[in-house]
């Protein structure tokens, strides 16, 4: 095992350990804000995994969108709907058992399936496109047989409608919009 | 526009509140308001105003002469206070060290928080009332200038001195007059008449800066040496006691 | 040697991570040494730069306001920052009774980590850069998220209403202005055709983008400066810590070392924003070049690249300080209106204009 | 069996993360917690796309494109979810999903 491979392995197992522990914290911690921090850890580890897989661009996007956007939105949701002293009530025993059984069942099934399947692996060191970001851009806007321009447009429509829908839903119906100008998170459509 | 220009106002109507008719003038819209301007003009003007502000501040930055900070303990010798600075109250004295104050009590009456206490005595030579002791309490003074405005004899002024830090609050009670005795007017009048001047001047007895009756009802403070006092309990005790 | 210096190819990029990777194959200890140098160097640079910036800010602020600023400790108060740091270290470390102690402890760490992560990819000179990521521009706007996460954590875990309000303002402000910053970064990415910071610098060999991209570059620069000032929570956009309304905002409950972390991160972030602005719009360490005038360019090359970078960054830092000490603080609704009704449309139009310019090669010196 | 992470190791990782997310979706009572668990699910799905792309289809990057789509959908979902939570909290003063059952009849 050469040093580069050794580093790769160590980093993989280290990140995996951190991210599994953090993921367990996300689903079990009683204080919801701490769960959000754990979620941020999982997602950062995810970016690390993508770098290990040589998808630096996706890792950057993961950090940008997940940590810079989604986690902050979730933190906002926590701030707006609970206080520091609030702790979540433990789920009932039956619900917990159901959750454990179903998730472990899924895990076991999937692992058995993976073990028994022989995937058509590509060559050990096949060539990766030199510039992943450039290639992704070509794919996203390509309208040939391997292009994704239609999904891309649909995603942008989805984002737009999500933004507008969020504004409409989050607006306080009891107040007129002119009264909201003093509130930072609700004025001028900044609810996104 | 902070005022209503009645000439320009085109609308005026009368409304009644109860039975009282009230003239209501509807103020015209400000001609420089945003409504009468195009958006571009507004943007241009506001951006320009930003640059005006930045020009002012860079002007201060590049001209060290605009700095107003005084490096106080270092420049103690050359420090010059400003004309209107109110440091400590002082009695105006002429070159012979005679003062204008005749103890008329106007300043004491004018003082809003009783920082000035004046005691008078009758001069044995000309039987006139004159200043015996002018007490000024810096610790309760608000430097409001009411005493200077009230003084009919132009006897008070503000000095530059601002270094009044002491370890004992009692030291903030000053006797402003250097002597108890006739004001400069009385002396000059006596000089003109050649009328017992020497005798009049002989009635002046010196006063020390901290020589007044001890405030705080004469209590002693631990660790502070007792003030030097005169035995003037009978006739010179302050009025508020 | 001289001929080498006088040609553009003299700018060979060699980052610390490159050196470490090269050394890893032959001598792991050398690689470890480079890693240690990168870590220690970044740490030392961070603290020294923070103290220097705080001193400069105080001096500049004082002279903008007809004052002198710190004058007592050292010559013209040069050692004031060190004295302040010593004072902060000695202060009692207070954690509020009802605070969420774990998160309270984590918040400043998040802030400083974001700062360090952003600092390591700034190209300060051809040979002075810790890591040269090929997604540099995305990375730098991504790690900004950690910083604001730290602020949100601080506000929440303090269990104090002022902190919470300040943190929520910071979050709203960051998310809003992040869009404008990204839009103006995208303009330069379009012009330079790369996300890698060193390549963006090298794409400005014939001239800096702010004048090569003429109107588009200038507009993007102003949008970038305004919105990054807002992202840094610096006045006139300092609503998250508006003293007169929220006492100290998100760091109301912090004291001593933890507070100094926030303070340091704030000033280093100002440096990072300025360095990024210098790199993207003023060519980073690239000397002032005009395409075609080789003699002029080689004269300009005599000034070392590090000095060019320092000078440009210092200029933008000064610009930010100038703005800070001139304008009054905005209201929350004015802040949001500025972003959503003005900067955002301007940014989008500018991006379209940039795309058009790149397609038609209307910018100066489109050769190469 | 080698410890160098191969396809199976990576798949194990993403499946473990997915099942943890599944557990969270089923047991969390706070709606924001459910949202976070859903983010875990989406994240592991995106990771799966990248893993298969890396190990099985290296010269192409369609998996990366899919991961991008997933990230975009996750963003849209978080925006709408946050708006819903705020609206629900405003009218019902709780975001406990077991309490929000007026549609049950």
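Chains here go by letter, A, B, C and D, matching the order in which they are written, and residues are numbered from 1 within each.
Basically, a contact is a pair of C-beta atoms (placed from the backbone, for glycine too) under 8 Å apart; a residue touches a chain by one contact, two chains touch by 3 or more.
None of these values were measured; they are calculated from a predicted model.
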{"item": "Chain located farthest away, centre of chain C as origin (C-alpha)", "value": "B"}
{"item": "Which of A-C and B-C has more C-beta contact pairs", "value": "A-C"}
{"item": "Distance between chain centroids, defined by C-alpha means - chain B, chain D (Å)", "value": "74"}
{"item": "Cα-centroid distance, chain B relative to chain C, in whole angstrom", "value": "52"}
{"item": "Rounded Å distance, chain A centre to chain C centre (Cα mean)", "value": "27"}
{"item": "Rounded Å distance, chain C centre to chain D centre (Cα mean)", "value": "33"}
{"item": "Graph class of chain-chain contacts, one of line, ring, star, complete, other", "value": "line"}
{"item": "Partner chain C, residues of chain B touching it in the complex", "value": "50, 53-54, 56-58, 60-61, 64, 66-69, 71"}
{"item": "Chain D contact footprint on chain A (complex, rising order)", "value": "1, 5, 8-9, 12-13, 16, 19-20, 23-24, 26-27, 32, 35-36, 39, 42-43, 46, 49-50, 52-55, 57-58, 61-62, 65-66, 69-70, 73-74, 76-78, 80-82, 88-89, 91, 95-96, 98-100, 102-104, 106-107, 110-111, 114-115, 119-123, 126-129, 132, 135-136, 139-140, 146, 148, 151, 155, 158-159, 162-163, 165-167, 169-170, 172, 191-192"}
{"item": "Residue ranges of chain C in contact with chain B within the complex", "value": "60, 62-68, 71, 322-323, 325-327"}
{"item": "List of chain C residues in touch with chain A within their complex", "value": "24-25, 28, 98-100, 102-103, 106, 133-135, 138-139, 141-146, 148-149, 152-153, 156-157, 159, 164, 167-169, 171-176, 178, 195, 239, 332-333, 335-337, 339-341"}
{"item": "Contact set on chain D toward chain A in their complex", "value": "3-5, 7-13, 15-24, 26-33, 35-37, 39-40, 43, 46-47, 50-59, 61-62, 64-65, 67-69, 71-87, 89-90, 95-96"}
